[in-house]
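Each chain gets a letter, A, B, C and D, in the order it is written, and its residues are counted from 1.
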Amino acid sequence: MKHTLTLDEARAAIDAGCKAAREIGVAMNIALVDAGNNLLAFVRMDGAWLGSIDIVQNKAYTARAFDQPTKQLGAMAEPGEPLYGIQDTNRGRIVIFAGGVPVKRGNAVVGAVGVSGGRPDQDQKVAEAAAAAITPGG
Amino acid sequence: MKHTLTLDEARAAIDAGCKAAREIGVAMNIALVDAGNNLLAFVRMDGAWLGSIDIVQNKAYTARAFDQPTKQLGAMAEPGEPLYGIQDTNRGRIVIFAGGVPVKRGNAVVGAVGVSGGRPDQDQKVAEAAAAAITPGG
Amino acid sequence: MKHTLTLDEARAAIDAGCKAAREIGVAMNIALVDAGNNLLAFVRMDGAWLGSIDIVQNKAYTARAFDQPTKQLGAMAEPGEPLYGIQDTNRGRIVIFAGGVPVKRGNAVVGAVGVSGGRPDQDQKVAEAAAAAITPGG
Amino acid sequence: MKHTLTLDEARAAIDAGCKAAREIGVAMNIALVDAGNNLLAFVRMDGAWLGSIDIVQNKAYTARAFDQPTKQLGAMAEPGEPLYGIQDTNRGRIVIFAGGVPVKRGNAVVGAVGVSGGRPDQDQKVAEAAAAAITPGG
């Protein structure tokens, strides 16, 4: 399973994400997709936004779909920018703001994590903490 | 049922909303969702916009999904702002203009109201009147 | 407004439906559409099935769409019957079991009611009680 | 949070479900929804069917939507039976075969679990094991 994430790795990422979320005091939704961009694990912390259930799955999906952070995609999707309109592709699954991060093993993307429940910068911080549990320093 | 709205509370909110709507002379659609973000009650006043049937349900949904007024969300969803693109999430159910308001009991969000049929400021006024019938001063 | 239902009539139907539902001891969802087949009013009694939120709106829609009770349509939609497949039309809005009833004024259909929350025969009974509040004996 | 499931309870259910799945030697997808029928937690065991990602979420959704096991609903949805056609309601989210089970606290349904990955009887067994972790003997 070296080419993709295992459920144990996804759980380690979720635990690290929940820990980071508690440290900043915001209840989060966290989702992981595998190398095939299929949902692997999801949790909603008690009291976290209901609207984020959809968003985290799609943040993770987007990060793996284009092998880059959703935040980076967002800048290119602004009016006047080269990818304006990409948010309307993939049947409504593309998210173009912070909180989706690819997970790498070496140079290969083996999955992605999506986080939502706070401000975009908080979501991003928790997503990076979750991803780091799998790829320290990655 | 302290954790969510009852139908009696939803009806009181609708009555207060209809009263406020008549005072400003605009026929409105009004919807209430409960704590689980499921539709609890809906009315369309005689002659109110048909297009608002969808909008009020989604305004209420959005206000509960993110536990904040839809108006507030709109500012952050403009191009160049941190939540640009959020209006494309949740399968077309997010509304980012005025008229959706959470309903609180103490500090907990127990539901939300959505109003549409007039100008956004009129919708907002009626939504606040409806919510106030449940949480006076809230 | 003789050609369609008013909100006051819809509310009278809902009150009559809720009364009938309490008499048989089942919490119901009740929806009314007008002559244009657009949602006019909806309530979910406390504790009623969440899955019925969608069903009652579509039962009312179906009853007005074909100006007949949904129960009657169901018999014709069985495998081998002339309307087999009708349940796949209208973008998933057709319901082919009991609980949707047209509302008439004289000979004209001016709207419809949908009820769900119990057994089909219970739904039907409550729907008929709701419709009768508008058209006594109808 | 007595009225709904907590994430800790959902995790306990998932752990019990995974244990039961390993005992029968089938990799499963497992999902939990809360009292409001919103996704609370999800896991896909390594190697489990990708097609079950959708199914388990909808099995859990269906079990909470109608407060009964999905298996029970299936018998009533056969051609000629009173709920024939219910599988076409709720915008494609209704599942009418085994593997979805409500979770109760006392007499109240506080959520539901959905399991898919094996034969329906295996799914059912694992779903019951997961639910029992929250409501022993329930």
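Just so we're on the same page, a residue touches a chain if its C-beta (ideal position, glycine included) is under 8 Å from a C-beta of that chain, and two chains touch if they have at least 3 such contacts.
The structure presented is a predicted model; accordingly, all values stated were derived computationally and were not measured.
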Checklist entry - If you take the chains that touch chain B and keep only those that also touch chain D, what is left? => result A, C
Checklist entry - When the centre of a chain is set as the mean of its C-alpha atoms, what distance in Å lies between chain A and chain D? => result 26
Next on the checklist: Taking the mean of the C-alpha atoms as each chain's centre, how many Å separate chain A from chain C?
Outcome noted: 43
Checklist outcome for this item: Distance between the CA centroids of chain C and chain D (whole Å) is 29
Item to check | Set of chain D residues in contact with two or more other chains | outcome: 36-38
Item to check | Pairs of chains found to touch, sorted by chain label | outcome: A-B, A-D, B-C, B-D, C-D
Checklist entry - Tell me, which parts of chain D touch chain A in their complex? => result 1, 6-7, 10-11, 36, 38-46, 50, 53
Checklist entry - Tell me, which parts of chain C touch chain D in their complex? => result 49-52, 54-55, 58, 74, 77-79, 87-88, 92, 94-98, 119-121
Checklist outcome for this item: The chain B residues in contact with chain A across the complex are 36-37, 62, 64-67, 79-80, 82-86, 88-92, 94
Item to check | chain D-facing residues of chain B, complex | outcome: 3-4, 34-38
